[in-house]
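Mind having a look at this structure? Questions to follow.
Labels A, B and C are assigned to the chains in the order they are written; within every chain, residues are numbered from 1.
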Amino acid sequence: MSQAIASLRSRPRHDSSSRLMVIGGAMLAALAVIALLAPVIAPHDPEAVEVRRVLGAPDFLHPFGSDVLGRDVLSRVIYGLRVSLIVSLSAVAGSLLFAVPLGLIAGYFGRWIDTTVSRGLDLILVFPAMLLAVTFIAILGPGSVVAAIAIAVIYLPILARVMRTSTLIVSRNDYVTGARARGASHWRVLASHIAPNALGPVIVQASVLSAFALQLEAGLSFLGLGTQPPTPSLGGMLADGREVLIQAPWVEIFPGLAIVVAVLAFTFLGEGLRRAFDPKGVAE
Amino acid sequence: MGELLTVAHLSKSFAASGGLPWRRRRIAAVTDVSLGVERGRTLGLVGESGSGKSTLGRCILGLVKPDEGQIRFDGIEVQGLSGRRLQDFRRRVQPVFQDPYGSLDPRWPVGKSVREALDCFRIGTASDRDRRVRDLFARVGLNPTLMGRLPSHLSGGQRQRVGIAAALASEPELIIADEPVSALDMSVQAQILNLFLDLQQDLGVASIFITHDLGVVQHVSDTVAVMLRGAIVETGDTDRVMTRPHHSYTKNLLAAVPRPR
Amino acid sequence: MSAVLSFGNVGVSFGATPAVTGVTLDLKRGEIFGIVGESGSGKSTLANAAMGLLPANATVTGSIKVNGREVLGLGDEELRHMRGREAAMIFQDASVSLDPTWPVGDQIAETLRAHQKISRGAAKARALALMTEMGIADPASRYGDVPHRLSGGMRQRIVIAAALANDPQLLIADEPTTALDVTLQAQVLQLIDTLRQRHGTTVLLITHDLGVVAQACDRVGVMHGGKLLEMGAARQILARPSHPYTRALLAASPVGAKRGSRLPVVPPEWSVESLTEAERQRASEIKAGAAYG
């Protein structure tokens, strides 16, 4: 027993969480600004074809070089980043819009409501993410909007489940029972007591999932199923760059780097949030 | 005049978690319980963990539906109530909880928690309600300047007073207090018990005082009911039960109480 | 005769916050010494200090000797050796001390094998014997159970069995019965007393309950705000307390008071509510952190 006591280490302090949040937040803010100001910042029209600049190496005018159609890679990366951020963030936001209410009612009312919602969501979980996305696109056709919808549906069960668990924990508190005894209707209890106290972990989960959403969007665009050309997309650029990897590596490297940076930013922020607001690990 | 609250042959069981739904064992939480509370008097409900006392409290509050039996409050049957009549019942029967941490919404200033009953039952105008909250704070011995504070900035004893104030807001006739002093230090416990006695005397509120602590129960209760594994094994006037217990379990409990003096 | 445990002007602080100030006391061999106090009194901090279980940010002054040997400043390995062989500690919440995934019998056996050269078979046999001594019926069938399959009272008995497995001369029990029903409480206290008689173990019993002191302790020390206010034979202190705080604490207990009477209130200078919330948070943080070594 002395071993058992001695081997448990005390928890790390909160310093790491704030550092991570700041770094991740700063990176995201920078990326968001770049994306928002794309029309202003991008030095060239991302869709402008310049035959003379085909596969041009990076130089002063084109810091990231030019691609197979002579288009400026830097501008395309900026616009592509914009698309990636918009699609992934709106997908997660859309998912939350449905996941939060579903999780709340499943966790609060329990019994058959919980069973129905949970089993319904489980059905979505059965399918691998990519397969589900591809199926969506096969039915609804390719494009950014469909990609966003598909991603939203894919992450709906995870977010709903985290919300449900959090709701279960919060509902057990006496202040919830007290509110009911003091005349609060179920809806009042859900809105004023449960939701505010239960949202923490699902926000954490949402920021962590944003990193995955971004990768998923890039993956779909890579396959040609997401954002359609000529609209620049990071995944699409990765696909195009493959063929010219040897003679013009910059066409592949820069979009790839952009994806990595964006994913890291979301991951840092999400992890920092998790350490600060969800140390018990309700989020998955 | 009759009793304020009469419970007759109440039973409640829960399905044990896990396993196939139609094959789950049922755990009997409360079995064939009957008891009564007179207006303005306190019934002490004593039992150890697992005795079913908390479940019984929740049934009486109308928060849990019993499987069998009857609960009558001021002549009205509680089980079938809904809508307006359920709200009326809720106004008149209020809970006080054990845990000073979990009994108040951590994001609400404590004044808002005390006002909740007034807001939900729509009692009085907004300024009426504010005034009433101030009165309640004063009555439970709290400085009204604490109204805007969050629960985390109050001590355990102060939070418990807030809980009592919240229970008194709708001027209930019956309070169900589930282990209200168990989580408090001894010295603080004494203060809260004094508060209970004062309120009993001043307001004439009836109460059911649920606890595992025999010392506490004999101090505040007029009558006592002893619960063991879901059933009531003994009931009667406090003085009688504490000095001349009939049931062997009551005798065991009394013998086990450590006495400092 | 050297004291089994002695505190010499011990002070503990966490940064700028003092948790224990100027505590001096000696435990005689074979006695049950109770330390009674409310939240923020420093009683648990004192106990943790004796076992070297304070978190890293704690500063300890003075001297703490176990069997005449200074404990403060001992290295991890020496502390580990001391814990289990010479001194053992049990806590209020048995689940802190038990690994939830191991069978309980194995956990007792593991403690044995950690401190003595003993074969697996012999360790298991001894563990079973200990379980029987603790009053656990049919230990053979309970041996393989994981903690959550046992009741709270039984878990506490396992914890005590593991603590006493290596026959330590000193047992520190921090609120061992607080989480238990009153009937179980009486049994566990009785058990500690029996073990003390049989093995000559010295016990430091931390509690907030004066009734527990009356029932189980030979001598008692009263703590408040980190200081030891008074100390003496339990019967004497409880019957004729000299310190106003002790008197107030005794008077505040509803047991034995006239029904319906107002209980005397502890004077404000001794109120534990005057400790700010931050300090109380600190106190419970210390308790939780310390339990995790």
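The rule is simple: contacts are C-beta pairs under 8 Å (C-beta built on N, C-alpha and C of every residue); 3 or more make two chains touch, one makes a residue touch a chain.
Everything quoted here is computed from the prediction, not taken from an experiment.
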item	value
Longest centre-to-centre distance from chain B, chain (CA-based)	A
Chain pair with the greatest number of C-beta contact pairs	B-C
Gap in Å, rounded to a whole number, between the CA centres of chain C and chain B	33
Centroid spacing, where centroids are CA-atom means, of chain A and chain B in whole angstrom	47
For the chain B and chain C complex, residues of the former touching the latter	48-49, 152-158, 185-191, 193-194, 197-198, 212-216, 218-220, 238-239, 252-253, 255-261
Contact set on chain A toward chain B in their complex	172-175, 177-185, 188, 193, 196-197
Chain C to chain B touching residues, read off their complex	38-39, 152, 181-183, 185-186, 189, 208-216, 238-239, 248-257, 259-266, 270-273, 275, 277, 280
Footprint of chain A on chain B - complex, ascending	58, 61-63, 87, 90-91, 93-95, 97-99, 102-107, 113, 116-117, 120-121, 163, 166, 169-170
